[in-house]
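Both complexes shown next keep subunit A, but they swap its partner, so subunit B is in the first and subunit C is in the second.
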Partner chain A sequence: MNDMRIVERDVTASSAKMAARGVQVYYGENHALKDVDIDILDKTVTAFIGPSGCGKSTFLRCLNRMNDTVASARVLGSITLENEDIYDKRVDPVTLRAKVGMVFQKPNPFPKSIYDNVAYGPKIHGLTRNKAELDEVVEKSLRKAAIWNEVKDRLDAPGTGLSGGQQQRLCIARAIATSPEVLLMDEPCSALDPIATAQVEELIDELRSQFSVVIVTHSMQQAARVSQRTAFFHLGNLVEYGETGQIFTNPSDPRTESYITGRIG
Partner chain B sequence: MQNEKHIVSSFDRDLEGVQATVMKMGGLVEAALLDAAQALDTRDEELANRVRAGDAAIDALEDQVQSECARLIALRGPTASDLRTVLTVMRIAANLERCGDYAKNLAKRSVVLNSMAQIEGATGSIRRMCRAVVLMLKDSLDAYIARDTKMAADVRQRDHEIDQMYNGLFREFLTHMLEDTRTITPCMHLHFIAKNIERVGDHATGIAEQVIYLVDGRLPEEERPKESGLRAMVSASEAEG
Partner chain C sequence: MSDATSQMPAAARPKHSLFEPDARTRRRNAAETRFRFFGASAIVVAVLALVILLASVLGSGLGAFRQTFIHIPITLDATALDKGGNRNPEDMKKVTTIGYAKILEQGLKAAIAEKGLTVDPALTAKQIAGLMSQDAAAQLRNQVLADPSLLGQTIEFSALANGRVDGFLKGRVTLESAARDSNISPAQLNLVSEMKDAGLVSLDFNPAFITSGDASEVRPEAAGLGVAILGSAYMMLIVLVLSLPIGVAASIYLEEFAPKNKLTDMIEVNISNLAAVPSIVFGILGLAIFINFMGLPQSAPIVGGLVLTLMTLPTIIIATRAALKAVPPSIRDAALGVGASKMQAIFHHALPLAMPGILTGTIIGLAQALGETAPLLLIGMVAFVRETPGAPPEGFFDPASALPVQVYNFTQRADPAFVERASGAIIVLLVFLVIMNAVAIMLRRRFERRW
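And then the complex of A and B:
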């Protein structure tokens, strides 16, 4: 009977790609994130949900040290990528961010050509040796981001001239051009129409064969559609973390239940 | 379970509406079963015909519940306990609809039986069995309203008693038929009636299990206590043979 079950949600890799232990984040006096323990699984889409100000974006930004850029932010505890502490003094945050890529809420292509948007990362990290290799990386990334066919004849056109959905997929192509191991997405579809959203969601599902994807979303339906694991944050606490189907049919914490059924903001 | 209200209050109204409809169905089904059994016992053809005509209303309510639930799923995207409520309501409506059909069938057969010789004590026994089953049905619906898994578990246990009543009636009819072949036709009708009432007990048990699913998020695992009814019947017929 088991072979008749829905297999999409199966997570083949159960090993942890990233692990957080006892993570606390303070913005000045404000204790924004309290004692978070979580394992981000390899080749899995993990969704972070929770009301505004619950700490989900803060935690996402810890995963590639984006909080380093916030002067008042203090991060305590440990976060590892493949068992290596990413907050170790010897870790260069720029190199880390090539391994842990990020896509933001609003599409933010560089004011450069489509080609240069994607080529930028591999160039500054010295990932390619010559133009031919760079061309290949650009094409491969644009193909993976499901936008190649739409832009292949105008790679020299400015990235900012694309539609919103295309810009977001261009940003995803830019993020995956450095062959990251983890891709962080902070509300990647909130500025997109339903068709572009569906394209990005389809893309996320394809990307999970190669990367871990962590997505912060306010759309519970989106979390349910794209993720295999869901983490619910509330008032700076990680309240519940588990298999997405389980969280949406029978959550164990009453706060999760109240949130996903639309009873607390 | 959730006692808190949704932020979107129209969601609560939709959920309450569909649950009220299913409870109305339950009331009609209980009345139909008791009336049909009374019609059988008192040879009241007019009452039997009223029961037969009343089934259309039960069917219409079921259609209403199913379409409202489909709409609720499409428009509200219910999750967690809300999702389980909708799924449970749909299954309970289907259970009740079947029970309504059995009441209608009982009424139909009672009209046929009115033209035949009475079988000593049979209709009274069937009426008692029907009362016991309706009480189970009522308790399963009360357990639903109260989200009471203890009460639901109790209903599941009681299905055993109904099975025993049915097995007793089966033996009784068999004895009649063996003693006097002219009773075969009425006894066959009475046997189908008893079997159908026993099936109502199974639907009440199904509703009780849905209540447990609704509250706990999973169906009860352990098997219900069940003496093999089939074996009891076979040994009974062998004894008579």
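And then the complex of A and C:
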């Protein structure tokens, strides 16, 4: 079946864009993530799979310090972006998040116009010098997010008036407008129908040429379709991490196999 | 294995036709019908109460906007009113209202004679002059002092009629009640009826009720709300300018930035408690701090405004925090996700979304403050103030009154004519409240339409 194709993609990039070493996350007393070591490769789609509550979203939110907004969360260990520790005291999470963009589970466009949604990031980071440049960035981002043709005639319309799939692609356009180096996606298709999902997946594959993409997903088929590398989380542990083809066809850990074959999770 | 395939527990459910409700269903339906009835009756009672309130206030208060005037030609005798003959306003001020009262008296007598009205011989000259308000002379004097060129001319003057005469035209005073009244006699009222038929006396719209200051107990016909309206307006301005920024800033800090610990918990609880503190307590506080300690003047809108600000703050803070809490966290996440700082996320996204709620809270707080009486009594705003306060900012320190206090003041006075004044003041107060609510709704619409 086409959907289940597991291509032996050649993983050209091998340099680690982000590296996590011994990451522990506590929510209050709850030890949510235990000792995670992982390398996120450049220009690669990395999928995090695992049953609900296994810590994959938690780990994703560590990568751009969104966990800072949760008062009870504590992160130990080190996560580096191009060899710079992102939890260093000198790091401003604001500049980090400009480099590590994020797309959320539920499409959450600002209740503003489509144009303003995309222009917001470049505006607050001062990436453009004038209106013409901003227009260009907005158009480029919307084109990259494969939504330009649908919205080019109504950039002033509210972003919340779009359909679910369009909203999610708008959110992706918003995230890539700041030209991040890494794009984090937290179950970006869980609120979308199959057609919109297919569009977003196609988009993810295209985005790979410019960013590394990290995607959390509940759908193993999706992980198999879009990613080159897959990490399997279970009960707060990183059980297995490797090339997607190998994880899905020849997992080394029995828990991975159980999950993939549907016996747990 | 799912439970769907397992055996259903054998509940004893007798077979029953769908067309006939069983006893349990009937009871449930009856309960619902009863509840609906109670709800509808509550609405009916509430609407009736509102209608009765409005009807009574409007019924007794609308008359205050119309006043009886006596229209007579007055010859302003230059020799009597400007003894120096040089039209110098300083010299002319030496002629007091007594001088003008004499001229009015002569004018009224002449007018009655000219129309050929029958005057009861028992009526004294003083009684005839008494048909006019004691304020009429002051009115005429002010008019002449403002325009000395009127001297020597004959002008058409509309003199305020006495409160009893006004009551007679409005049906409050009758010939029977006048027989028992030492202030007016039936003979006087008969004369008024004739004057009315001759067109000398009529009920006209009375702008002075809204513009002029309070008047003493014996001349209700001259009492107005000007000082009270201005005082209330000044106070609302102060309350708005102080409480909105302070309240919103406090809420943003508490809601978004403050660490959640015992101290902020305590602050939070106490803000809620402050909203329930009796307003008179704020009056005592204002008296102690602003007047006794800081030495601000008594009866001044600045003190009233500060006290009402303290009172309004909890309302605004609670409303603003609720509005901020209601902004979906996904919007904040979205802003933070593209690299907005916390403050940018709040000011660019959360605050605009919370704006309708904040405005509603602010207007509710302002409306409360506008109707507040008790704390103002304690800081001296209950004083009798006739002089209109000056323009801001100096005017904030001039003595003034406030609308609700003026209502209270009017109701304390003996003359029945003040009942009408009090109701009229309530109408003005209600009109202001309606205007404020309309503004709130308008602003809310505008902010909501932007999204």
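What we mean here is this: the second predicted complex is superposed on the first by the 257 of 265 C-alpha atoms of A that agree within 3 Å, B and C clash if a C-alpha of one lies under 4 Å from a C-alpha of the other, contacts with A are read in each partner's own complex, and residues count from 1 in each chain.
Just so we're on the same page, contacts are C-beta pairs under 8 Å (C-beta built on N, C-alpha and C of every residue); 3 or more make two chains touch, one makes a residue touch a chain.
None of the values given here were measured: they were computed from a predicted structure.
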For this session: Assess the superposed three-chain arrangement around subunit A: do subunit B and subunit C clash, or do they fit?
Result: fit
Problem set entry | First (subunit B), second (subunit C), both or neither touched by A:221 | first
Exercise. First (subunit B), second (subunit C), both or neither: which does A:257 touch?
Worked result: first
Exercise. For A:150, is the partner it touches subunit B (first), subunit C (second), both, or none of the two (neither)?
Worked result: neither
Exercise. Should A:205 be classified as contacting the first partner (subunit B), the second (subunit C), both, or neither?
Worked result: neither
Exercise. More residues of subunit A are touched by which partner: subunit B or subunit C?
Worked result: C
For this session: Check the residue A:35 against both partner chains and state whether it touches subunit B (first), subunit C (second), both, or neither.
Result: neither
For this session: Answer with first, second, both or neither: which of subunit B and subunit C does A:181 touch in the superposed model?
Result: neither
Exercise. If you stack the two complexes on chain A, which partner ends up touching A:135: first (subunit B), second (subunit C), both, or neither?
Worked result: neither
For this session: Taking the C-alpha centre of subunit A as the vertex, compute the angle to the C-alpha centres of subunit B and subunit C, in steps of 10 degrees.
Result: 140
Problem set entry | Nearest-approach distance, in Å, of subunit C Cα atoms to those of subunit B in the combined model | 8
Problem set entry | Doubly contacted residues of subunit A, that is, touched by subunit B and again by subunit C | none
Problem set entry | In the complex with subunit A, residue positions of subunit B that touch it | 2, 4-8, 11, 77-84, 217-218
Problem set entry | Contact set on subunit A toward subunit B in their complex | 220-221, 224, 248-251, 256-258, 260-265
For this session: Note which residues of subunit C are touching subunit A in the complex, please.
Result: 259-260, 328, 330-341, 344, 348-349, 353, 451
Seminar exercise, completed: subunit A residues touching subunit C in their complex are 64, 66, 69, 71, 94-98, 101-104, 106, 108-112, 120-121, 124-125, 158, 160, 171, 174-175, 177-178
